[in-house]
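Chain lettering (A, B, C, D and E) follows the sequence in which the chains are written, and residue indices restart at 1 in each chain.
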């Protein structure tokens, strides 16, 4: 479970402060009917400025892990620290993109994005400028006032994404933020995410089902096992932080890491 | 079934209900006494006494034949008939109207003029509410000088005891003993009848079709009721006991006997010697007064309102 | 092609007209999409003819019953007599209607505000819920007619006891529906709000309350009609003004035309206020799923 | 670690105890997860002590007021006197309570059934909605106390007018909440159902109705407390049995202890029926979001 | 816009009966604020036994197209026929997998799947056996009674999938049915879909964002343009119906088709 550094050429993560510390974390969901062990003895440390991507089978506990870090799910065993303090309640110094978009059905696109600003009491002007910028970036121009039910699935997801990014959080937790996007938009978003990460130094934990995405974005990739979710392996492909999409995808380090992850996930055949 | 004694359900007897003007109070003791003594049974009547919710309501019940007889005050009856209800009085028993203004004795009110500047509680829609201003005028008091506030029947007594009003309109033979019992203070009243305005009071009401179809039964009913009142007047304690036993949740016996005693006073047997018998003059007076002083807009023709035949032979 | 209505009503085997309608639409109808004053008038007429017909039928039935004297006039007077009373007594009736309207509106507004505030307390604090709920329930189940006299004795003959009664009677539906609404907010939206570090107040204002609006409006609609009853009961017990007072007079005098005129006016207050609340609902929650059908989707 | 309650209540800055609690949980507490009889008793006690304390306080306050004679005894009698009356008149009171309970339950059940049926009609047919809604509204806004005498005159002194009144008064909240519930079903679920070729009936039974239950239950809760009022009002106007009748007797005689005993019994009927509806709610819709908090999530 | 047969080696689609006929279909969504043209003059014929996959940018009208064919969205212009009859109301002789799972939150997994049977009045025993089979196939065993909110995103999607398949419909319309699944599960589902299609002769229209998925599954691939959605090209790679996952992905016809589609979608770089 120690990080498998696939390529020693670059040392990707400098030993900065640990932002997220998860140790021996176990999470059981109990109901009258049954008990589900969602996470089983998971340990993971994310340091400032890291971009950790998590891949794993459906239902292995990825969303649960993210919610635990955000302080949204009580009743776990083990240690979960954020910014060095134990997580005992919902955390506010984060940006969270939910797997389901969680939009307010009575607010238009722009107002849904600006909710983040309103809730945090951000400067309105600044927030509006950023919101408009993000709307353009995600190709939602022209739909500023559209209500969620008037949007396509992918458009809803993009709104949620903009909302999570609006306040430039120090820590970004993203649960399959690009799952409903087409290949091109996804690619553009990936490039954009990489740029944002590099330029702002945000610490990111991103759950994804796409192996290329996991490798392209992550400075470290965590692969999880089927339920009960355990960490099978952690990879550091050692790619440079700045990644041109075309070049990176042909980089042998990329290919090797992707192959390894596919193997770990049990997907025996090459392209996803 | 509040009144019927179980063994009175003898075969052959007609099952008859009478709906009172209100929940049972001392005025009704004679009816319970009559049932207990078997006066009704002797007439072939198996009587059930049912509480009512205001005279007007009772008259309507009789009009709809939901009940065989009603025990009702005269002014509401007159209103009902003038608005087309097929009912008649078959005999008013309280020939002195019980309407009055009641107050605590320490108010020092002895005549209508003393009411000037006072606040009087009344219930809109009841008989006194409509006649009160006319009665004041009759006694030389400008109605504008007496403030009338409106309180429902249930709240009136409380309003008086609480001092929210100085006096209330009401039936003194019914309420005065109740108030005295509750407050422990003496209650006085200015009966309208003592100050120039006597309207007929409560009595038996029947549906016209009942009068036509079964006059014998009506007559028997009037006869038994009349006898009950006469006998009760002579045996007040026994009548009170009969009511306390026969009526569910009747007032305390002390209250009952005070109420009954006052009721007997109101029978006014000087003018018409037997309870249940009235004179045409009494009716004309009452109707004339109503038509001149209230919203009542019916004809002043006693026969339209009152069937004298049943009281005649008493 | 098939209309939204059809789907909303789950027509799996709709009427044959569906196809016909579809064809008619296919052959591009000119003049569609007019939002002119005329178009609006047409729409209004279309929306209101049915209720008007129903009212008309009701009126005709009433008139027939009175005309054939199927029911004695002292029970159900003729529409003519009632109308006559309304006209001849219009000044008096208007004044009393106004009094009752004021009491009702004040009572309703207070009930709405206090009711929502209470619901918030119940939802946000387990302790408050457990201790207050029984009290509220208790206040609801006591028949108001029974306590009306006590209120009059305590608060006198003025406006106060009527408003208190209106509040007491209208309060409960507001609380119940607001609690249900506030509780049924999607938990994920609350999680989302929590990660934004939103204060309780902001979460309430921006998420819980708007989310609870659809249910709350149901409660308010019930409440507003009950508030009228509360005011009238209050007037019943002690008042010299208001429609409840007139009702007492009319029923005491067995004046059926006045009684009916009075009842009609009471009902009118209720209907008008109800419609106002419905209008507010349309303005406040046009986004709600229950309304979507009528707003969205139209092909030219 | 932080409890679900905290999240539900959006505590962004919860009490300091949250951490303490969390720590306590971390040091694995033995004996957790007991579902023993004892555990259940503890839970029950935990759930009911607050209402009991509140009731106790209420009672103490009442007792104090009566003892110091702050309010005259004919307005508010002492608890002792009321209790005495309840005990001495228990047979009579029980009988009348039974009568009122039967009327209430019958009225409520009819109102619920007819109300839901009406709501279905309104939701499924635009025509029905437009023509029936005004009528229903009209029936609601007419004060029931005003028409109670008419009903008694028409239907006599028996059970019928009381049940009719209970139905009339309880009907509206059922309709309003059922309509709101049926309307707010996720349109996508209806689409899903449509692709299954489901008949209207099946869509109703399997999707719309269960989806409407949370809102419907709010309406039923209001309705059941109102049904009591309806029955009592009916008894008020014409009856020789039932708690409404006893109320008339008691207030006519200014028998305050009896009046209070009567009021307490009326309230009890309301409370008991309300609690039964709440129980039904818990059984019928344990899945509803508003209940999730209490069912799920617990770490050992 | 005629089908581009990339490889003439096999004749993939025999001229069978047209099942879905869409001609000059235009769909506008109007609101007080604005008008969105979701589909612009789209024509597409799907014949019995075909497996058509649709790829296109987010918000281009793919879901709208599927819903129109299913008769769920009224108010279009043009012709939409299913089984030779005009679509004027919701169609029942289909299976539909919605983009959002559309599960009943008060029913457990198994009962959500069996809803299909209940609604259609299917034989209960048979339906239950099929449901249990599908539950096993999609790896939901052990969660038969779990309520939707107790499931992960991917698990919810699998439940919706089982439901759409339960009655073995003649026509299957699937809106991104595998979007929330991990690589392995997705692969398994793809193989399973291919098998089902071959064995039952079902006509399938499937919307997907994954180019490999579109090529692996489709006997014909429709590529759409950004809003207003038009059909840019229709491809028939000419792969054999029975496709082994590993072999197919290395097939030059596959690679060529995938590349072409990526190009059309504007995703300039090779693996997704």
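Here is the rule we go by: contacts are C-beta pairs under 8 Å (C-beta built on N, C-alpha and C of every residue); 3 or more make two chains touch, one makes a residue touch a chain.
Since this is a predicted model, take the numbers as computed values, not measurements.
Touch-path distance (fewest steps) from subunit D to subunit E is 1. Chains C-D form the pair with the most C-beta pairs in contact.
Subunit C and subunit E, compared by their mean Cα positions, are separated by 46 Å. For the pair subunit B and subunit D, the distance between C-alpha centroids works out to 42 Å. Put simply, the C-alpha centre of subunit A and that of subunit E have 28 angstrom between them.
One finds 43 Å separating the Cα centroids of subunit B and subunit C. The set of subunit B residues that touch two or more partner chains comprises 60, 63-64, 154, 158, 162. In subunit E, the residues that reach two or more other chains under the touch definition are 29, 31, 71-72, 90, 92, 100, 149-150. For subunit C, the set of residues touching two or more other chains reads 7, 11-12, 75, 149-150, 153, 186-187, 191, 193-194, 197-198, 203, 236, 251, 288-289, 292, 296. The touching residues of subunit B, counted against subunit C in their complex, run 54, 56, 59-60, 63-64, 76, 79-80, 83-86, 123-126, 129-130, 148-152, 154-155, 158-159, 162, 164, 295-296. Those residues of subunit A that touch subunit C in the shared complex are 67, 70-72, 90-96, 98, 100, 102, 104-106, 115-116, 118-120, 147, 149-150. Contacts from subunit C toward subunit D in the complex involve residues 5, 7-13, 47, 50-51, 53-55, 58, 75, 123-127, 130-135, 137-138, 140-147, 149-150, 153, 172-173, 176-177, 180, 183-187, 190-191, 193-194, 197-200, 203-204, 208, 214-215, 217-219, 221-222, 225, 228-229, 232-233, 236, 244, 247, 251, 259, 262-263, 266-267, 269-271, 274, 288-290, 292. Contact residues on subunit E toward subunit A in their complex (touch as defined above): 29, 31, 33-34, 36, 55-59, 62-63, 99-100, 139, 142, 145-146, 150-155, 158, 176, 179-187, 209-212, 245-246, 249-250, 258, 262, 265-272. Contacts from subunit B toward subunit D in the complex involve residues 1-2, 22-25, 50-51, 53, 57, 60-61, 63-64, 66-67, 153-154, 157-158, 161-162, 178-179, 181-183, 248-251, 255.
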